[in-house]
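Pasting the structures in now, so scroll down.
Note that chain A is present in both complexes that follow, paired respectively with chain B and with chain C.
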Partner chain A sequence: MPRSAVLQVARKDLLLESRAAEQLTLFAMLVALVLVVFRVAAEGRPVPVATALWVSLLLSASVALSRSFHAEADHGTLDLLLASPAAPAALFLGKAFAGAAFTFGAALFALVLCAAFFGADFVRDPVALVAFLGLGALGLSVQGAFFSALSARTRTRASLFPVLMIPFALPLFLWATRGTVASSLGAPLLGPAVLADLGLVAAYDALFLVLYTFLAPRALSA
Partner chain B sequence: MAVPQTDGLTLLDITKSFGPLEALREFSLFVRRGEVVALLGPNGAGKTTLLRVAAGLLAPAGGRVLVDGIDLVQQPRLAKRKVGWAAETPQLYEHLSPTENLEFFGRLWGMGTREARAAAVHALEAAGLSHRAADSVSVLSHGMRQRLSIARALLHGPSVLLLDEPFQGLDARARASIVERLRDPKERGACAVLMATQQVDAAISACDRAAIVDRGRLVNVLNAPEVDAAALSAELRALGGGDRAP
Partner chain C sequence: MEAAPSAAHPPLDFVRRNALPFLSSSAALTVATFILALLWAPTLSQGFSAPVAQRVFYLHFGPAITSYAAFTVAFAYSLLYLRKGDGDADLIAAHSAALGLLFAAMTIAAGALWGAAEWGVAWRFEDARLDMYLVLLLTFIGYFALRRQLGSGAPRLAALYAVAGYALVPLSYFSIYLWQSLHPRVISPGGQGVGAGGALVLSVSIAASLFLFFGLLGLRLAVSEVEARVARLQREADV
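Let's look at the complex of A and B:
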């Protein structure tokens, strides 16, 4: 698979996002909305901040990442991408990597909002936190790009996408939340609690990246 | 059926169905390099479906598509490298400039950075859009977008150019500009052009042959210089395609 096509698609998506900010705006609004709901529902009681952080990321990703291939279908450019000699797997990977950058940006935004709403006490180990957010962003983006490709040609794609994506993203959500909670309680990055969950999230990313790269031609021809 | 040629586009016994609907029935057509062929027919006759099969976007249920003798199903990446395709609605990224659009698609079609940049400059000149090269596509008129879309399809020097309703929504001047482009000896010498359209006058002035399609079948092939556009329009109105194929 030519690396060039992967880079071109990712670069194009980042350039488009830098101009239109379609996905990032959607991400930011949804993240803020979910965290505000947590804040209001807490009524002054302590909030499990790591859980709120990952719930906001999961729910916002389950909407915002749908734009990955859906936007191409809306603009008619999906057909053009598929008519090109670029391998479908390269198109998928380009979208997944660009989406990971958007998701990571949204995660940092969510982090700032969490600190503003609930205090910054949960940030005991910034390195572990950023590692979870980075790997989590990649995993969410891989799921998002794949199910966006799979649902891009369906009439009910907007409602179908979260129904498809969320169940597959649940293991990532559970491991990332558990690891972030352990880290926020002071567990060391290289200790068994954090490292095990970090390893699980990394393995999850690698597994689905390879699996979906293999399945991308079928998803895009569906 | 034997394969009669290796250059240009060869469509052999193409069959395509959507559920119970047979959109194309044993459709065979050959377009030589340097030749412009118009696909004419009523709505739902199967013109767009045929172009989508030829572009590799739909897999035929039967038959073969050959681009310069390369089988599109067996060697899709090699064959697609030789095909340029422009749909009815210009497929462009609105928040990118014409230059950025062309460079992106040039790279996607396998060009190097410098090659894509040079090809984009040349394509914009040929399309008369050099003065809008840095503008956002979102501020271009429909006619400009259509010209840019065709420039994009020609960017990588394809052997086969597929155009779906290239005159749709254009005024007379913009149509004439596209007809002129299609009749350009440099363009025609390079690729086989197959275009689907319902605009008989513009099609006849741009093409060498007109292929009449109805209900997924090739009904007739006419040499353009011998065609009476008014009589052909009447004949097309009499055909009963109806809105069949998606």
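Let's look at the complex of A and C:
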């Protein structure tokens, strides 16, 4: 599979997003709404900030990432994409990497909001935090791109997408939240608690990236 | 209307023709499991605050292993469907996944009973094994949501989903090694074991659950065959 095709698909999505800002707007709105709900519900009591951060990312990703292939289906460009010389696996990977960039952007936005709403005390180890956000964003995006491809040709794709994606995103959410909480409590990056969860998130990303690269072409041609 | 499973899958054909012997064997073995687990199996007192409740383990382990086996059958026949486009394979995968959900629910119910006695709560969300098993259950509920909502493309997309979902089965099984878990390690490496008596009860429990799975699968396949025959007769009558 030519690497340039993957990069071209990712570049196309990033370019379109820079003009329409469809996914980023969805991400930003949902992240902000979930964090506001946490802030209001806390009523001045301490909030598990790392948990709030990941809940906002999981919920916003379960809506915003559906657009990666659903938008193509809505605009009637999915068949054109499939008719292009790019291999279907390259389409999937390009979408997944572009989605990872959007999700990582949303994660940084969520980080700023968390610091504004709850204080920046939870950022004890910025390297560990960025590592979790980066790998978590990639994992969410890989799941999002695959289930968006799988449900793109269905009539009820918008309602079906979160039902399909969230169970697969839950392990990522659990490990990333746990590792981020440990890191925010002062556990060192190279310590067993943080490193184990970081390793699990990375392994989960790699497993599904490889698996979906084989399955996505079949999902797109179904 | 579903297609009838043909004789192209000899092992499943055997299961379909012998559904009742499987079910009656399972009934006898289930009664034996209850009697042996409650009255005969050794009490494991080491590491348990409610050693008597630990006997629920004998009713929990069989369905748990059977749920993994059912999801494995669903995975194998989904792969077969993707490879050959065989409608029977899709039907068998769907029935196996449904039974996998049934056995997963039984596993969770028995585990919750034990958890209420041992921990004071039926479920602990901080436990890796419990969480991963719940994720697996939700994944296969998603499989049926997908099947219900799709039209003609259902089998292919559902097969892809089942193949992806199966990746969570080993993750669920090995979660007690990947993560620190509150879930007891009884027969796993590092566990205290159940002794010869306990191993016998476990074997009977597993056999009872597996026979129940094959009996119900056979029954469901036989029902599908009758449904397909009725549909064919109705079509002929309409002509």
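Please note the rule applied: the second predicted complex is superposed on the first by the 222 of 222 C-alpha atoms of A that agree within 3 Å, B and C clash if a C-alpha of one lies under 4 Å from a C-alpha of the other, contacts with A are read in each partner's own complex, and residues count from 1 in each chain.
Here is the rule we use: a contact is a pair of C-beta atoms (placed from the backbone, for glycine too) under 8 Å apart; a residue touches a chain by one contact, two chains touch by 3 or more.
Keep in mind that what you see is a predicted model, and the values were worked out from it rather than measured.
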Touching partner for A:L16 - first (chain B), second (chain C), both, neither: first
Contacts of A:Q8 with chain B and chain C, given as first, second, both or neither: first
Contacts of A:A116 with chain B and chain C, given as first, second, both or neither: neither
Which superposed partner A:L170 touches (first chain B, second chain C, both, neither): second
Which of chain B and chain C A:A158 touches, first, second, both or neither: neither
Partner chain(s) touched by A:D79 [first = chain B, second = chain C, both, neither]: first
Which of chain B and chain C A:V210 touches, first, second, both or neither: neither
Chain A - residues contacting chain C, complex: 146, 150-151, 153-156, 159-160, 163-164, 166-168, 170-171, 174, 196, 200, 207-208, 211-212, 215, 218-219, 222
Chain B-touching residues of chain A, taken from the complex the two chains share: 2, 4-5, 8-9, 12, 15-16, 19-20, 75-77, 79-87, 221
For the chain B and chain A complex, residues of the former touching the latter: 52, 55-57, 59, 76-78, 80-81, 83, 85, 87, 89-96, 100, 104-105, 107-110, 136
Residue ranges of chain C touching chain A (in the complex, touch as defined): 82, 128, 131-132, 135, 138-139, 141-142, 145-146, 149-151, 153, 156-157, 160-161, 163-165, 167-168, 171, 178-179
